[in-house]
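Here the structure is laid out as structure tokens; the discussion comes afterwards.
Letters A, B and C name the chains as they come in the text, with residue numbers starting at 1 for each one.
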Amino acid sequence: MKSISSLFFKDIVVEWRNKEAVSSMFMFGVLTLVIFSYAFDPSGTDRSLLTPGILWISFTFAGIIGLNRSLAMEIDNECIQGLLLAPLSRGELYLGKVASNFAFMMIAELLMMPPFVVLNNLTFSFQIIEIIGVAVLGTLGFVSVGTILSMISAHTRMKEVILAVLQIPLTIPVILTSVAATGQILANETEGISYALMMLAGFSIVYLTASYLLFEYVVED
Amino acid sequence: MTALALQADDIRKTFGTFTALAGVTLQVQRGEFLALFGRNGAGKTTFLKIAATLMRATHGKLQIEGLNIEESAEQIRRKIGFLSHNTYIYRDLSPTENLRFFGALYGVRDIEERIPGLLERVGLRRRSNDPVRSFSRGLHQRIGIARAFLHNPSLILLDEPYTGLDANAVQMLDELLDESVRAGNTVILTTHDINQGLRAATRAAIIDRGKLVFSSNAGDSAVRDAYSEYVRSGATR
Amino acid sequence: MGKRILGISSVVLMIVALYLIFVYAGVDAAQGEPFRIFYFHVPVLLLSYLSAILLGSACIMFLYNAEAKWDRAGAVAAELGLVFGGTGLISGMMWAKPIWGKYWVWWDVRLNLQLILVLTFAAYLMLRAYLPNQEKRATLSCVFGLLALVNVPFNWLAIYFVPTLQHPKPVVSPGGGGTDPDMAIAFTCSLIAWCLTYSYLFSTRLAVAQVEQEVEYLEQVVRAS
């Protein structure tokens, strides 16, 4: 447990120094928000149906950028080998990376919320808190898969591309469910939303467990 | 408590079709200083990486201080200090922060007291709070050395550690190694340079094409002959 | 020898099935001629699901004893899954256009699961394509295969119940197999023919995969020396 928190805080400090992950995620996410807002006529009346989708597409692309950054840090100078040398189980290594990936992605998402609210003419109300709540569960699912997939793609030549190719099919359930739940919140029809939340939570639990067990096969040279 | 720091039985490693190690059997007693010579691609690095638990052997048994590497990998890692040409240091952190992080991972007690002393030993005291990104190759290597010795390892594995070090740093490393051996720890060092290797070694061995082709006490005159022969055979191949 | 029998019998049965489908079985009352796609579309889809099961099983077996044959079997299953799944999707679109008026319907459970399945097969094969080292390729694609296997129930859950949050009930694929015994015979024959074809393709491709691996090995030996 102590190792996991050491790993987590190390990543926080490194990010605090170079601010590469959060800034690139935020920039890319906001740009995606803007592009999609223009692509779907801003004055159209059907916008409200598209809004949750636009939000989660931005989160997804930003998330993939973040995962790549996190991976790049460990590949630089082969630092991952230093971690493999330490008396740390491979599963603990995985959890440490999940914790920091989750933190950075959440920070980027929180930063993206104000532009999102403004560009879509929403109001800063309790709804936003609820949307962030859904985002927490969705993000956890996203990074639980993404962390192990980034380690898999690290062994290939085209790391970033392969990560996206592997990540998107596997996170479709998360994105679908999160978009639906977000849409419900925006439409003020939150009946049955607990199913969505339970599914997202279940997804995270299952993937955290599976990846924890499989991670050792993925890090070895 | 076993007297053997390392016991390797028929260690083999294949990467697809390429055989890096073709059956290495080796015993290293505690407190020994083994110099391992061999050409590039002979298998020295592969062997050290397997001993350091960074890689798994395709076949064979390896025991570090009586512990089986397959079963007790985490315990073994606490005892090993590994240094390669890559330093595994985070460029955005300072030497102090790097050592603090690795100290936490290894569970080193009194880490805050140890760090300044260790940085002083490797000559980095004045730059202990600068981000490593700004360091030259030689300074990088020094932090790598500090990281390897941080947790008082009882088995120190070094893969060509003298590359990139200036004369001061070479002396510093030699002193650290001598101290370690005097304290009863074991050192296995790979190098191209026969003089550097034999300086403090108690034993010498040569690996060629994945097999151990020579092994004896370092003081033996046969060592230099065997090495010259080895180098010559390589030149004509 | 066994493969030859398999091959010949699948060709023969295909011809028989074609006759049964186009001549023997009657025209469907509700859907007309386009219904005949059903005899082709459903077996192909079922076989793509079989591919998914085979891939999942091969990955589990590989994790268990790390033998190369399981890795090869998984790769072949993925290839066939991609081909059969893709064909199933296209034939489904060809069926949907005359019946529903559109090629694609969102929130149809089976269509979407099919699409995700095909994407997953494609991702698996792309990962393998970028891993030249045989051992790493086997291990890493096995892990991905297992992660994808675990994904299936969540996909089903998400696609099945999520639309109920926003849309009315999910639309079901043009179904109905008819209770007409002629149609049942035609369908059964087609199904068996396709199963034989699949088995033939699988065993042949598996043999080729083994040879490919041996060639790869020899190439490396030659290059190394």
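Keep this in mind: a residue touches a chain if its C-beta (ideal position, glycine included) is under 8 Å from a C-beta of that chain, and two chains touch if they have at least 3 such contacts.
Remember, predicted model here, so these are calculated numbers, not experimental data.
Chemist: Mapping chain-to-chain touches, which pattern fits: line, ring, star, complete or other?
Modeler: Its topology is that of a complete graph.
Chemist: Any idea whether B-C or A-C has more C-beta pairs in contact?
Modeler: A-C
Chemist: Mind having a look at which chain is the central one, using mean CA positions?
Modeler: Chain A is the most central one.
Chemist: Please work out the Cα centroid separation of chain A and chain B, and write it as a whole number of Å.
Modeler: 39
Chemist: Averaged over CA atoms, how far is the centre of chain B from the centre of chain C? Could you give it in whole Å?
Modeler: Centre-to-centre distance between chain B and chain C: 51 Å.
Chemist: Roughly how far is chain A from chain C, centre to centre by C-alpha average, rounded to an integer in Å?
Modeler: Those two chain centres are 31 Å apart.
Chemist: If we count contacts the way the header does, which residues on chain A are in touch with chain C in the complex?
Modeler: 145, 148-149, 152-153, 155-158, 162, 165-166, 168-170, 172-174, 176-177, 180-181, 183-184, 189, 192-193, 195-196, 199, 202-203, 206-207, 210-211, 214, 217-218
Chemist: Could you please specify the touching residues of chain B with respect to chain A in the complex?
Modeler: 49, 52-56, 74-75, 77-78, 80, 82, 84, 86-93, 97, 101-102, 104-107, 131, 147
Chemist: Going by the contact rule set out above, which residues of chain B touch chain C in the complex?
Modeler: Touching chain C: residues 15-18 of chain B.
Chemist: Within their complex, state which residues of chain C touch chain B.
Modeler: Contacts found on chain C: 133-135, 217, 220-221, 224.
Chemist: Can you list the chain C residues touching chain A in their complex?
Modeler: 63, 116, 119-120, 122-123, 126-127, 130-131, 136, 139-140, 142-144, 146-148, 150-151, 154-155, 157-159, 161-166
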